[in-house]
Amino acid sequence: MTIKPYVRKAQFHETDQMGIIHHANYIKWFEEARVDFMEQIHYGYDRATEAGIDFAVLSASCEYKSMTRFNDTVAVECRITSMEPSRMSVLYRVLDVATGELRATGETRHCFYSRIRKRPVALKKELPELYDLFKSLAGPNETESK
Amino acid sequence: MTIKPYVRKAQFHETDQMGIIHHANYIKWFEEARVDFMEQIHYGYDRATEAGIDFAVLSASCEYKSMTRFNDTVAVECRITSMEPSRMSVLYRVLDVATGELRATGETRHCFYSRIRKRPVALKKELPELYDLFKSLAGPNETESK
Amino acid sequence: MTIKPYVRKAQFHETDQMGIIHHANYIKWFEEARVDFMEQIHYGYDRATEAGIDFAVLSASCEYKSMTRFNDTVAVECRITSMEPSRMSVLYRVLDVATGELRATGETRHCFYSRIRKRPVALKKELPELYDLFKSLAGPNETESK
Amino acid sequence: MTIKPYVRKAQFHETDQMGIIHHANYIKWFEEARVDFMEQIHYGYDRATEAGIDFAVLSASCEYKSMTRFNDTVAVECRITSMEPSRMSVLYRVLDVATGELRATGETRHCFYSRIRKRPVALKKELPELYDLFKSLAGPNETESK
């Protein structure tokens, strides 16, 4: 299965007075890319939430490599680098579509939270089908791809 | 009971590339002022939501009179102008604290939504105490104050 | 020239604790639709800003007709209803793509601000080509379409 | 000089459908705390930007320790941990004011960007007074405080 990068435009309301996209927005773009990723693997995020499982965020980080400006089109690549029964890590690369220039890299780590039991749970146990799907897509955290 | 305006700083992340506060943020400031208003009348917003009642927004509008910039301190006045059993209207004025200059005026209209019954309900019936409180604070929609 | 509605997904980060898209986001969607509109008419928003002209927002309003939820795809129609030398009005309709249901209607009014002269200017004089283009696309503000 | 933590309320518009504050907002809170920090040391952020120096963000990260909910009051502590001529690092701790519980820790790294020369510059050279002030406040990056 080939996952296509998530493509979107940088919006005017995402700019700040420095004339660039405000850095907090990249964290939102990572989330949008995750949601798009799940749609591409035919297991929509909403299907998990409807089953009572939320993806809690344990950490989020972003390294800003160059500036994105209003109306630029960016591609956000996202890749699972670690899949454990109750945790996962996702790496991101944000590229400018027109020039191919790297805009940012980032990582988020997640656990799985049951809305019904109100506590973290093992995805492997709760949604084994999704766990296996994620596991099959998890690749090595190669240095060069970061 | 005298309601004090809600005071807050305009933040860097609220600016856009025009060097001013992006217009969508004023709608959020109105909400912050409503929440602050309810705290001042000793009936916190969360007390209503805990009782299963959400304040749904029927409409929101804002007229921008002058520009707010990063680090400006603004005062948001909010005033109930109409209180019916199942609807209410709130007017806002945003003023620059340093100069007193009018930055914006606005209005939101609300109905009350029961999370349990999953439909709009009459506040007068669901939370009569809060309805009476709102009703006692509702003032005329004078033209000069808009 | 036929303008296609602006289509986008409602994002997770746009939801609030009521489980719906927070109302302030619609104001951002209107802006995204305006930018998309200008791209469709082959006069990109950035072309105006590069010429030193910003679109200042005089007012923004939204009427919420039904709730948008995470992962819903919405289409935002936008239409110029009034075009004067130094002002314009734009109407919006937000529709759920899957059901066709109306989610919201709205309006924004704009003037044109010269970053160089630091004051409002007449678009007709500053960017006559864009003014004529807007003027040719301006349609009546029919009651039924609101 | 004792720096007081930056105190603010978690807002309704910052919640998401999980019923908690969306994780991207913490990155904004860090920025608000930095701005407040600069005000406390009597060298306002706007004074730097007026001198043509922006604080570019090289990286931002956040570890989420527990959930913040609407209407919670949080205190954001911020502390310079490294100050070099052309770079600085800032650590953050977000605490619930009512319980003292740790909500999150984070870090941002910055360089200094000249709007006039359109390139990164050394703060030590551009604004030596501010550099010395930061330097005098920079403390060790103790493990226990993270």
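First chain written, first letter: the chains are A, B, C and D, and each begins at residue 1.
The definition used in the following text is that contacts are C-beta pairs under 8 Å (C-beta built on N, C-alpha and C of every residue); 3 or more make two chains touch, one makes a residue touch a chain.
Note that the structure is predicted; figures quoted are calculated from it, not measured.
Farthest chain from chain C, judged by C-alpha centroids: D. Seen as a C-alpha superposition, chain A sits on chain B after a turn of 180°, to the nearest 5.
Centroids built from CA atoms put chain D at 34 Å from chain C.
Look at where the CA atoms of chain A average out and do the same for chain D: the two points lie 24 Å apart. Among all residues of chain C, those that touch two or more other chains are 12-13, 17-18, 24, 28, 31, 49, 70. Across the complex, chain D is touched by residues 17-18, 23-25, 27-28, 31, 49, 54, 56-64, 113, 115 of chain A.
By the touch criterion stated above, chain A contacts chain C in their complex at residues 9, 11-13, 28, 31-32, 35, 44-46, 49, 70-71. In the complex of the two chains, the chain D residues touching chain C come out as 12-13, 15-20, 22, 24, 70.
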